[in-house]
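Going in written order, the chains are labelled A, B, C, D, E and F, and every chain counts its residues from 1.
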Amino acid sequence: MHPLIPPSRVVLSRLVSLALEEDTGRGDVTTAACIPTSVVGRATFGARKPCVVAGLDLIDEVFAQVDPKVRVERTAADGDRLAPGAIAARIEGSAASLLVGERVALNFLQRASGVATVTRAHVDALTPGSKTRIADTRKTTPGLRAVERYAVRCGGGHNHRDDLSSAVLIKDNHIAAAGGVKAAIERCRAYAPHTSRIECEVDSIDQLVIALDARADIVMLDNFDDATVERALGIVAGRAIVEVSGGITRARIAALSALGVDVISVGALTHSAPAVDIGLDWES
Amino acid sequence: MHPLIPPSRVVLSRLVSLALEEDTGRGDVTTAACIPTSVVGRATFGARKPCVVAGLDLIDEVFAQVDPKVRVERTAADGDRLAPGAIAARIEGSAASLLVGERVALNFLQRASGVATVTRAHVDALTPGSKTRIADTRKTTPGLRAVERYAVRCGGGHNHRDDLSSAVLIKDNHIAAAGGVKAAIERCRAYAPHTSRIECEVDSIDQLVIALDARADIVMLDNFDDATVERALGIVAGRAIVEVSGGITRARIAALSALGVDVISVGALTHSAPAVDIGLDWES
Amino acid sequence: MHPLIPPSRVVLSRLVSLALEEDTGRGDVTTAACIPTSVVGRATFGARKPCVVAGLDLIDEVFAQVDPKVRVERTAADGDRLAPGAIAARIEGSAASLLVGERVALNFLQRASGVATVTRAHVDALTPGSKTRIADTRKTTPGLRAVERYAVRCGGGHNHRDDLSSAVLIKDNHIAAAGGVKAAIERCRAYAPHTSRIECEVDSIDQLVIALDARADIVMLDNFDDATVERALGIVAGRAIVEVSGGITRARIAALSALGVDVISVGALTHSAPAVDIGLDWES
Amino acid sequence: MHPLIPPSRVVLSRLVSLALEEDTGRGDVTTAACIPTSVVGRATFGARKPCVVAGLDLIDEVFAQVDPKVRVERTAADGDRLAPGAIAARIEGSAASLLVGERVALNFLQRASGVATVTRAHVDALTPGSKTRIADTRKTTPGLRAVERYAVRCGGGHNHRDDLSSAVLIKDNHIAAAGGVKAAIERCRAYAPHTSRIECEVDSIDQLVIALDARADIVMLDNFDDATVERALGIVAGRAIVEVSGGITRARIAALSALGVDVISVGALTHSAPAVDIGLDWES
Amino acid sequence: MHPLIPPSRVVLSRLVSLALEEDTGRGDVTTAACIPTSVVGRATFGARKPCVVAGLDLIDEVFAQVDPKVRVERTAADGDRLAPGAIAARIEGSAASLLVGERVALNFLQRASGVATVTRAHVDALTPGSKTRIADTRKTTPGLRAVERYAVRCGGGHNHRDDLSSAVLIKDNHIAAAGGVKAAIERCRAYAPHTSRIECEVDSIDQLVIALDARADIVMLDNFDDATVERALGIVAGRAIVEVSGGITRARIAALSALGVDVISVGALTHSAPAVDIGLDWES
Amino acid sequence: MHPLIPPSRVVLSRLVSLALEEDTGRGDVTTAACIPTSVVGRATFGARKPCVVAGLDLIDEVFAQVDPKVRVERTAADGDRLAPGAIAARIEGSAASLLVGERVALNFLQRASGVATVTRAHVDALTPGSKTRIADTRKTTPGLRAVERYAVRCGGGHNHRDDLSSAVLIKDNHIAAAGGVKAAIERCRAYAPHTSRIECEVDSIDQLVIALDARADIVMLDNFDDATVERALGIVAGRAIVEVSGGITRARIAALSALGVDVISVGALTHSAPAVDIGLDWES
């Protein structure tokens, strides 16, 4: 497996600052009233349901900002499958500090792990031995793209383009304005960085043929049923990377990967992943 | 119904800036290559599935930042139930600008509407005529709390406390450190602003009795089954506001509201709401 | 006494960054010209006049940002009364670093201690044994609310609501728009989080009676003289928390607390507290 | 009189954003519950006590950020003396918007006007016809330096150096480290921008003589009594600008200006100016 | 020619804010002293030397932030070649506002136009009819990457990858750690988004052969002389995009493009472009 | 030589954050794919051409933000002249971290050293023994003023005023609006902080005479040829500091300094300094 490199500390630090200001900025009234800062606590982040964990760096960053004297010890690594009861990390330090950071740490961890878990379920649905990638989209939570893309990788998925700037994806509006698929592909090839492949979305076999003739590097088959995907693959015949998108359910993944598509991109990895049930258990 | 006042413009503006920088900062390569800025486009935000819409102000803010010459016209209001095919807003302006803002606007709108729709489903499950509130929790997406709390209101729900600073909620760690329920409640009453009620989580009937004796204003019954909730309500007998939390499914809501609990708080309103299927349809 | 938990490090860090950029960003010309970085200095923050000290965390944060090798040692705690000559903290490190941070550290410390000292004077004016609280208001210095509210607590005072979002306070405009005191209270009770009490400002005995009938949790007697406050307390008879506000002088506090009001809120704690005379004394 | 140019819009905009987020970010619960956005309000900012007004631009900026449809009309100019009852500005627009911005606008206006009013009192205490300047110091509220320095100018005062970077002020630590007054002045003259005068603080007549010999452009007489100031002026004899500082009370200003000192710098202009009593009066 | 889409307004706005705070935040003392705000001025941005202009949007943004009443009228478009005396834009409004924004506007315009002009000189040195691209690198001014990449496009150049995240470029450290060129390319192909081509830097013909065998999409010939480039092109024979980099002088460009390389990347486009001599001429 | 105090850590930290977000925020794809985080690397920043180094603090800050476990060891000091092959600093740590920070560190170092090197060349061109200063201007790279001004000092140059706020510089627009040189100087003297000298730009001997009569502290001879500068110096005769500006080439510096001007200000120190060729060499 490839290394799982999280987003840079600069990015995590800014996200965590925002989240802590949002939740705890002026202080935790209840904790201030009840818990002397000298009281020490210990707690563990434990899975309540099976999941793939992601975002452990965010726990470090949360407590580094709340109270650098809190110790965080990992007992799992991002990308690990956790069974119910498995422990992802332990924290120890001022009980007041643990309480102040608890909710923010959990909100990050549950969401990142949710994305990783949903992704893993899609990846596991691939036909064994398949070379097909499960990929994310730009349908991410505003502000959390870096974290969610990392979580997709933790779940065994791949990333699509970062943003509108980092790669080309031609859709129908571009085609219409440019005066056709061929013109659009040529304009993009002439304009885009040479490091970028040219991807073109097609919504019919006819459009696919034109895109291939214009030498698109990647064709995105939009809302094709399985039979049409199969037909399309025969036409492409290795001349382009084939991505399918739209109307993907987990049930279709085995079939699509068995057909040999290169990439299945799934917005639901990020836009609809439920939070994973990871909780903080205090040791008494 | 109460007015639905969105978060302040200062807050929305900062969120939208972050999201636009994340997705479009250095420019949309594909659109730059294909679409002259003089081409005008028109498109509508339309529901694909039944939903409750929320977050229309974010569409205005996205296009105000991308290109203030884009016109945004609303055809629905936050909180409206949309049937499939119903249109929430129209946008018109430079097609390039519409494409640049499209994804960010949809990401916000789908998420906020997702929260509103899930909330509405919970509210609709209440026993008719019930006074019970469906309330959110602090289990919100990092950075989006203000938007998600607003979306809860758009779905007919209520907000719980903003953050750790704005109200008191005593949990078992506080009780342990303070030396008991009574001590914890007294410490919080002495410390917290007089504008705040004192809420105490209890996990047994015994603890409930102690909390009531210590004159908690709100008791949170944590993971009680329906029968025990009923018993608890008999004991409370109007002396405190009764909130239930933990293990809430939509199926239990009718029963719980029929029993007369005051508040049912549900983390899933925000932590696990799937994106709503609202799309942008271009007019040719 | 309750623990004095300062605002979170995230908040202090941002405030100190702003202040340092404002005062020292491009460098201290005089110090750069005169003082080799190898010269070590030692200095103490000492009270020149009697005061209550507050904001010692800000000294740590200032020097952590200027030069983390500067050592800061506290010889007093926030909330302590300092006699003239008493020392609040010692700093030791590069003399150049001490000079760069000196003014910003003093500006924070003098202001926070100023608020604490004025608050303490008001608290000390309460009738001995009184349960009356001295509380702050939203009349704080823009940008410094978190620090000033903490300083109020250091002076023995209490905080009123954080901001417009964290609690309800009904004033005449709200009453007028809602169509009366009763309607306003009911609308707020239906809308606000259940964790929040409903406070209503009244400017006459007549209005007080209506507010009590509408079951306001807190009534704010606005600009009542002592005799009318006494009359009001008789009418309230324990049915609501009684706050007095407006035209409060230190001279009236004993009388008001003797009458048994619950809260006296005083804008002057924060909007007009003079800086306390704490200076930095260098050890030669 | 010189023109009163306020800080740049970039600076005011950032300050106002911070203040609005601090006070109103997630919304005004009370107003949302009670006041439909269609209700129009009108109100005036009126002086309750005699004062010098400053900071009217901040009212514009507050309402531009809260709701750009609110109209702000000035009926006074920064620097004007207002008698009780005089009106500084009128606002008109959605009553809800006026309420949301009211407190932040007042907090800025009261503080800036407080500084202007205290400054004006010091300026008015100068011997008529005197050329002496009343100047501020770096003892400003963290974050508000630009506003407070402007307010000093509105009160007829002058600004001292902006910050540690923009001018030279040699104090005893610099002298000690540099090896004497002469060395310190020479090092600063060699290092500092040629646009900057060299100011040296002296605490005795002996030190004054040395500073003059080393050709300081400005000498700051620190904590000199009036008689010693007079003696110092005789020694200076026009060879340097003479600033007095430390222990300045309003009572001493007439005497000091009569003696002919050039500059009297007063920390209390900014660090201890009480808020001015300006209120918002609603028109029914 | 392709459209020249500048960086998004969000990005320009933040850059301009930083620059204005840096230069003008607390106000222009000289202008405040001398120029009543009622004085109107008119001025033109005119080329003093031949150049390619870029960055006109930044003029709009500067004056929008300084004073939105200043009118900016363009008389040239980004990418235009200007002869000495040619005018790029006119501004009209409060003379004080023009002076406050002048330097910041010029600093942006001179730098962006400097990059565009240097790029244009490189592009003009290509063999006529050549398909070779002149491309930038990541050697940009910290903070100004978006502006400088846009300026490169204004000069007729192309962009290389945005940043470390948006494309793959394998260098010797990656090869060493991965255990060879083949392993490195395979690891990157497996890991990187499918939208990204795989570029591999080679420093010898031997390494080139291995990279081609491993099916690199792009080979970067690092510091090859012209003869070796020619030999390499023969070996590549269309199997990969050929980029040359390192030791590129304008003098070599004609030869390299005549040989048929696809891309010549030049750090000097951005890291060493002198400011272009564009000045602001006031109309009296 | 005077100490070289870099900009404050607050300033450097913010700059480095921006630059790292710009280049590496979402992660280095190539490094993530190829290099396990356990691989350790060592590398040196070495001069390829003769230069004056500046900005070493930025290396520390870059790696502190990327990975605090990276060790940075300096083998030169800012302001040192480096011969080709000389090493400025060594870094050691995770090879992946070194690669992530490499480009940003180099971009800062090459630019700052470029400014220092150009400045040093100008300073070295002064007539030996001359007291003339080479000074920078406000023609700095937007966002990098603090770094570039520091680099000028590292090259042996001096700083002119920080910004529009920190000193007075009267130009023709000010003169025109104020009604003449005398009026402009008097208005500025009355308005500006007493710590600031009054500088007036003159474009003719006639204007020079008027400025001297009005007792300008500094006269800036704008675009004077050497002969006219000499004549001007005779007229000034020590009554003002003499700065020359405009049309300065390195060739003229010896003559101008021999004539005895006090300050030669040169925009090209910052606006057109090419990056210095410093590279990162990996130790195998």
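Simple rule for what comes next: contacts are C-beta pairs under 8 Å (C-beta built on N, C-alpha and C of every residue); 3 or more make two chains touch, one makes a residue touch a chain.
Remember, predicted model here, so these are calculated numbers, not experimental data.
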| item | value |
| --- | --- |
| Chain pair equivalent in interface to A-B, over half of contacts matched, among C-D, D-E or A-F | C-D |
| Pair joined by the larger number of C-beta contacts - C-D, A-C | C-D |
| Distance from chain F to chain C - Cα centre to Cα centre, in angstrom | 44 |
| Centroid distance [mean C-alpha coordinates] between chain D and chain A, Å | 51 |
| Distance from the mean Cα position of chain C to that of chain B, given in whole angstrom | 32 |
| Overlap residues in chain E, where contacts from two or more other chains coincide | 2, 24-28, 31-33, 35-36, 100, 145-146, 162, 165-169, 187, 190-191, 193, 196 |
| Chain A partner contacts - residues on chain F that touch it in the complex | 17, 20-21, 24-28, 31-33, 35-37, 65-67, 96, 100 |
| Touching residues on chain E, where the partner in the complex is chain F | 15-16, 18-19, 22-36, 39, 41, 95, 99-100, 103-104, 106-108, 110-111, 114, 138-146, 163-178, 184, 187-188, 190-193, 196, 267-268, 271-272, 274-275, 282, 284 |
| Residues of chain E that touch chain A when the two form their complex | 2, 133, 135, 158-162, 165-169, 187, 190-191, 193-197, 199, 218, 241, 243, 262-263 |
| Parts of chain A lying in touch with chain F, wherever the complex brings them together | 2-3, 5-11, 14, 145-146, 149-150, 162 |
